[in-house]
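Okay, got some structures for you below.
Below, chain A partners chain B and then partners chain C, in two separate complexes.
Up next is the complex of A and B:
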């Protein structure tokens, strides 16, 4: 596994802060956020230039740097840093190299199209970052990039899971990445989705999301292949479900049918395991949290009100909403929770919402966890669920 | 992986400059689905091509089925939308950020719109890379073989110049399932 977020670089650093319930949300520094309704974000501070040996660092978008960080950690922990390794690379992103594209457009406006540097677009499109990984790490194989809004990287992991479990590949590198962009920030503000205060998923007084940035990567491997090379196995991916709302471009289906279908599909594939923790999408927007609560209830309730006692939390108040990277980063955290037997807190939760009648984890705590369900939902009604089970 | 033969049972194509055909088709879709608003030419072309493919395959819409998935690729076409949004924000600051345009800066807005128009409730994925239209067809076939979806609408949109687009979609399904419902099969997928 590999991860970089506003909590820092590395699985260990992130997990310690998440266990401690820390938030790394602060005033946006990447651009002037003063005109916007919300001015907070979860930015990665300090130097984010990943060390590269085969690429020209100065030509890489911030997205590539974050991705290289996470992939290097994942390959290193998996013992897979060796040139020529045949992998399927499956990535999710909504923005790709958006910052480079924005810089190019600025130059077009300021200097005219003939004087704007075309080099700014060298790492702009969403597949360039994938191609950079092949070059930097000497990988061979094929790749796919998914852009399904905030379900992008969950779908990328699900696709990789399908390819490995069906025998097409022994190893897949799967995950996602996204950066803090003024354009996206402006867009979410225009939709009134960004909160001007703290982010509090499932709270009655929730007022919206906080954007973040980062990357998360899983090295997914066929079990026999991993055992033969004596690799450490963190967990099993046991289920993947995906479904569409077919409802609205930006609003989720209030009844949560699509989300419930994705969860049900993943649970069926996983053989209906005993879910010990639900890592919720939990954006803290009014509509998403209400929909997700209804969907979870629809799937897990036996019909009596308030009988869903599976612990639920969203880590977005700590590291923000990472858009296309959210599913992957939350997958890493879900696996960490599973192997660490620890339930991360849904920080900032103060006032229960009777319409979101779930067992919210208000304070992080130890718990025996055999399986974790992680939800990712995106604009346009994209719903994806991943299930991770303990490896015995 | 199960050995299952995948066949093509429907095909649809549209070209964004064929305004008359597209408008007539969209009007027909409006009458059948009640969906009235189409914003961008990419969306109009894609919706038109999908309607042709579904009609050709004899699949009624709005479908309301969760065993039909949409697997769409898109090339640099989507950059035309981002350009407009970028220029709006750069030119007019916060007031240039159109809430109507913003969702379309994420490429999956187009695939989402197709699921909404035709009420397709199964898997919906979009890959935003050159040549991804071919890749998603392969992925769709894998999803049928693995049992994730029964029927796949797969294809994509290609740029043919600034603000000029071609959309091409195919309906894929298990050969036996197609035979059982009496659908014609154009060909089988061999790879």
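Up next is the complex of A and C:
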């Protein structure tokens, strides 16, 4: 596993802060956020230039740097820095190299198109970052870059899981990445989705999301292949579900049918395991959280009100909503929760919402966890669910 | 491997609306003007008044590809969109507001319709597709990758049928960058969409199933900056999956300038221009239609094939794509014997 977020670089650093319930949300520094309703974000501070040996660092978008950080950690921990076999690279992103594209477009606006530096577009398109990974790590094989809004990297992991479990590849590198950009910040502000205060998923007084940035990567390997080379097995991926709302581009289906279908599909594939923790999408927007609560209730309730006692939390108040990277980063945290037997807190939660009648984890605590379910939902009605089970 | 069939196609291009217009233009060897397509003629687009041009193209192509299946009933379908640039006009418009006007006045509609999955998301809404809906990003090879993803979803039981669509729209910025990176092809940039309906060949429902061809093999491979090596691996992989040799292939279709295998190779670049991943999808659609003609020499390819001696029996067509970055893919379509 590999991860970089506003909490820092590395699985350990992130997990320690998540266990402690820390928030790394602060005033946006990447651009002038003062005209916007919400001005907070979860940025990665300090130098984010990843050490590269085969690429020209100055030509890389910030997205590539974050991705290289996470991939290097994941391959290092997996002992796969030089895989030596064909791999499938499965990534999710909403923006790709948007910062480079925006910089180019700004020059077009300010200087005219003929004077804008075309070199700024070299890492703009969303599949260029994947190709950069092939170059930097000497990979061969195939890749796919999913852009399914905020479900992008959950779908990327799910697809990689399918390819490995069906025997097409022994090893897949899967995850996602996104950067803090003025473009999306303005976009979510225009939709009135960004909170002007703190982010409090499932709280009755929730007022919106906080954007973040980062990357998360899983090295997914066929179990026998991993055992034969004495790799450390963190967990098993046991289920993946995907379904669409077919309802609205930006609003989720209020009844949560699509989300419930995704969860049901994943649970069926996993053999209906005993879910010990639900890592919720939990953006803290009014409509997402209501929809997700209804969907979880639909899937797990036996019909009696308030009978869903599976612990639920969203980590977005700590590290923000990472858009296309959210599913991957939350997958890493879900796996950490599973192997650490610890429930991360849904920080900032104060006032229960009777319409979101879930068992919210208000304070992080130890718990015996056999399986974790992680949800990701996005624009366009994308719904994806991953299930991770303990490796025994 | 489940045997998959292509049972519907749809297209919109500078040649006009419909796969028929695409086929007619290429069969005649007519060069159609690369440019903006002003009218799709699709009534359903009235529901999508504020959508981006790329979305209207995608929905138009999907509508045509699904038409043979009858109205509604697409709940168990998957929809996979291949995209290279996305809704660049909306993205540029939204960004212009941020940079040159008041940031806080940026339009939410421009933003939500500029996201890379807007064409797929809107198409899923219009056609009530509730299965997996994905957008995957890439260059010309992503059309085959989208088809491969659809095939995987069907094989793993996550969907029973799949619609695969690629769409692009022309934009001042992409035209400028393309002409700078490809000076010899300046002015050739095109736009539009192409869609394929694929489903298990052995489970076709008796609702006017028009099986154009089967999908015999496919593969994608990446070797950074070594396009020919990557392409050879992709072609070899597709042939291996199909259980065929190069000698079985009647014709190859590709816009890649270097001929990769020793069979007659066609390109419709001069006719249709270059529309990134959509060009590859158009090549697949034209090949599927050629296979579906069911005659030894399909008029679709006849004009170009006159210069080749060995064209009397085309049972298998390979379509391949790559770019200088070393990202390659190939798919083989096979003719179905009609009863």
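FYI, the second predicted complex is superposed on the first by the 389 of 392 C-alpha atoms of A that agree within 3 Å, B and C clash if a C-alpha of one lies under 4 Å from a C-alpha of the other, contacts with A are read in each partner's own complex, and residues count from 1 in each chain.
Keep this in mind: a contact is a pair of C-beta atoms (placed from the backbone, for glycine too) under 8 Å apart; a residue touches a chain by one contact, two chains touch by 3 or more.
Note that this is a predicted model, so its numbers are computed, not measured.
Student: Overlaying on chain A: chain B and chain C, fit or clash?
Tutor: Aligned through their shared chain, the two binders clash on chain A.
Student: With both complexes overlaid on chain A, does A:141 touch chain B (first), chain C (second), both or neither?
Tutor: A:141 contacts chain C only, not chain B.
Student: Quick check on the superposed pair: does A:247 touch chain B, chain C, both, or neither? Answer first, second, both or neither.
Tutor: A:247 contacts both chain B and chain C.
Student: Return first, second, both or neither, reflecting whether A:30 touches chain B, chain C, both chains, or no partner chain.
Tutor: Neither partner.
Student: With both complexes overlaid on chain A, does A:231 touch chain B (first), chain C (second), both or neither?
Tutor: Neither partner.
Student: Applying the document's definition of touch, where does A:113 land relative to chain B and chain C: first, second, both, or neither?
Tutor: So A:113 only meets chain C here.
Student: For A:167, select first, second, both or neither according to whether it touches chain B, chain C, the two together, or no partner.
Tutor: Touch partner of A:167: chain B, not chain C.
Student: Classify the contacts of A:85 with the two partner chains as first (chain B alone), second (chain C alone), both, or neither.
Tutor: neither
Student: If the shared chain A is used to align the two complexes, which stretch of chain C, 58-66, 220-228 or 256-264, clashes with chain B?
Tutor: The answer is stretch 58-66.
Student: Chain A residues touched by both chain B and chain C?
Tutor: Residues 35-36, 94, 96, 101-102, 105-106, 109, 125-127, 144-149, 155, 159, 162-163, 166, 182-183, 186-191, 242-250, 258, 261, 265, 378-382, which sit in both footprints.
Student: Enumerate the contact residues on chain A facing chain C in the complex.
Tutor: So the residues of chain A touching chain C come out as 35-37, 94, 96, 101-102, 104-106, 108-110, 113, 118, 121, 125-127, 131, 134-135, 139-149, 155, 159, 162-163, 166, 182-183, 186-192, 242-250, 258, 261, 265, 378-382.
Student: Give the list of chain B residues in touch with chain A in this complex.
Tutor: 1, 66, 70, 76, 79, 82-83, 85-87, 89-91, 93-94, 96-99, 102-103, 105-109, 111-113, 115-116, 118-130, 132, 135, 139, 142-143, 145-146, 148
Student: Considering only the defined contacts, which chain A positions touch chain B in the complex?
Tutor: 35-36, 94, 96, 101-102, 105-106, 109, 125-127, 144-149, 152, 155, 159, 162-163, 166-168, 182-184, 186-191, 242-250, 257-258, 261, 265, 378-382
Student: Please give the residue numbers of chain C that touch chain A in the complex, ascending.
Tutor: Of all residues in chain C, those touching chain A are 79, 83-85, 91-92, 94-100, 102-104, 106-108, 111-118, 120-122, 124-125, 127-139, 142, 145, 149, 152, 155-156, 158, 172-173, 176-177, 180-181, 219-225, 325-327.
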